[in-house]
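As written, the chains take the letters A, B and C, and residue 1 is the first residue of each chain.
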């Protein structure tokens, strides 16, 4: 499996010129069988991965000082790290957090969007979309431990996870504040916000470019929980344990963990800019279907005639 | 009308092998003209119908001990009972409740989904969909008096009604808890929940398979009202009176009560598994249009040219 | 620009017989360069426009006593007044309010929908839709100062603005109460309500024809703010200042203010009656894009291949 995953990364590298940036990335160190908090870390220059296979999860830390801006390199390394974890049956969940408490991520890297040629912009935006799709559609349970400010693209990163825990520090605001910068959030950023806080709240937040401090963030629903700063990581682990307790195939049980994505067809296609709002089907339901007796599959094939 | 309805049931019986299960069902006893709480009950082995034509409504009670599991027979009898009430102009509303307080319905009958042949699974799922469509699109006002636990399919039954009143007993939880059983709610179950409690709350509830006790159920919006256990039925009657006071043709006024379903075209087609989320148009608006002066119909035909 | 706008109105007049009703309307008086609260008012018989170019905004007052019912003439004058303001770069925002405190608008004019010929109904409904589309898609920031009762079509007018402030008077209720009149709100009225207060709350409000007094209106979210009656206008001005502070091209900066409408393609087409719910794309994001460095445009052209 690890081999196959490696081969797949290779194949992708041929097609994607930006994968060359990873030439310096250390290869994945397979986690020791027993695992546990003491398992060897791996990752890439900008993404630190701390595996805890005994708990069925890993912590993925953004480390691109000073502000974890989402450069092409960081985006690429995030996708590859996630892919590795997805291909390793030891892991059912990932906690995403920042290696630099105080700033979760400042969002997209403006340097990637100024003074470059159109091909670069296209490549960059492709990478942004790919990270979003990867996160949103991952079969892994993704808990976001937001341990710092999280504007714009940083907020999108958090919104693409299954659950968000924000450190209770008034400086740690979160939101899609693009309009305050004189720009506008792409429609898929906006849709992801609508899915999280509802249409009207999202409309207002987008129009005014609102950044929510913790109490407001909790109230509007852009995060699920606010905890004291020193409890963010431990809370993330507790929440992860709760999510991983939802029944499913246990690690090593044989076949791959099955994912039932609501509207799978739509979700696996990238959103189309000209698709009408709310038809792009970003919904998902991370749930597993035990192997044999699952006749719920039946329903997918049923079409009633007119009543 | 009763004849026509009977003929229709006959015709359907030819097409649907499972209607044979109803051969033992007592025929409908036409309600006495004056009606009132003392009107004769009718129904089928598993569905008790208590008509109250004076109030323009009937109470429909599930009676399939011990837990009102939704077997093929119960589903079929529910649909037929509903159809009878729909075809009788004495009735504008139905209260759905359980004849066994303590359990509203345990949901789909797992016995129907294990160790049977594929044709049976298809037949069973068709019946589940048919009940849901019938309820969701009924022109009758449907008030659900949830007088017991209501997991999974029991919850869907409640969600398909217009208004939900839950008895205030901590044991009476309600929710789509399929993932806790290692299975996954069909997309139309999920969509119905999204319509009721919103996207984000539904996403989390589905992923974790949450069952809400009364206070939480009210807060998240999966029920509309929580009342003491002994007031569930009386509250349902009060709410029904409020709904039936919305203007419309009175019983016996002549033409059939007109239903304006929002997005009628979509609603009357069964949902397609591959349709994108939120395009399946389950919305409805139970409202009537008095006969002549209703030029609101005009709007449906209007299409403006580009501004 | 003013000339061009005039010519455009002329051209439209040829196509629309109802524009003849405006023959008596005084021509637009160009606002004095410096502007300010003392700038000359203009408007038409039923719409009073008080420009305040120094603040970048105007106040538009409905004055069709006694109840500001939305007659064909009033609808037409509202559209034309809005068009004039949109074509004048001095204005970035409009406050919409009633010239007769106590009643914001009683909604559609029933006289237009009784005893007339089908062509008139079509013309009238076209005008209703046109106003709604104009408001909903306007690049101007629209703040609604609801200084009186606002049922049915009056509520739609308010819902089509970006922000709603309601005077705190228990008599000033707001809602789509069509079913209480025995009719039904057109689907685009309903959709606009769903976008504002969510699916379930809208469903119930539409089915029962609910009119919300101020406290309830705020709680359900049909208005954004409730203030004492004598502070409605001043609050509207403060809110407008906040919205206009979102960065964008300043008046007179050269090119036209750029509007990024979410799902622009859909929004600019009128809704189709047979389009499924939630696919009609009414969402919008009023945000501006500074001229050159806006490579966010890139994203619109991106389509990723399958992952």
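Rule of thumb we're sticking to: contacts are C-beta pairs under 8 Å (C-beta built on N, C-alpha and C of every residue); 3 or more make two chains touch, one makes a residue touch a chain.
Chain by chain, the UniProt names read as follows: A, B, C = Enoyl-CoA delta isomerase 1, mitochondrial.
The shown structure was predicted, so the numbers you read here are calculated from the model rather than taken from an experiment.
Judged by shared residue numbers over all numbers used at their interface, subunit A and subunit B contact each other through mostly different positions, with under half in common. Rounded to a multiple of 5, the C-alpha superposition of subunit B onto subunit C involves a rotation of 120 degrees. Subunit B has its Cα centroid 38 Å from the Cα centroid of subunit A. Multi-chain contact residues, meaning those touching two or more other chains, occur in subunit B at positions 194, 198, 278-279.
The residues of subunit C lying in touch with subunit A in their complex are 162-163, 194-198, 221, 224, 242-243, 246-248, 260, 262-263, 265-266, 278-290, 293-296, 298-304, 306-307.
In the complex of the two chains, the subunit C residues touching subunit B come out as 113-114, 118, 121-122, 124-126, 128-130, 133-134, 137, 178-188, 190, 194, 198-200, 203-204, 206-209, 268-270, 272-279.
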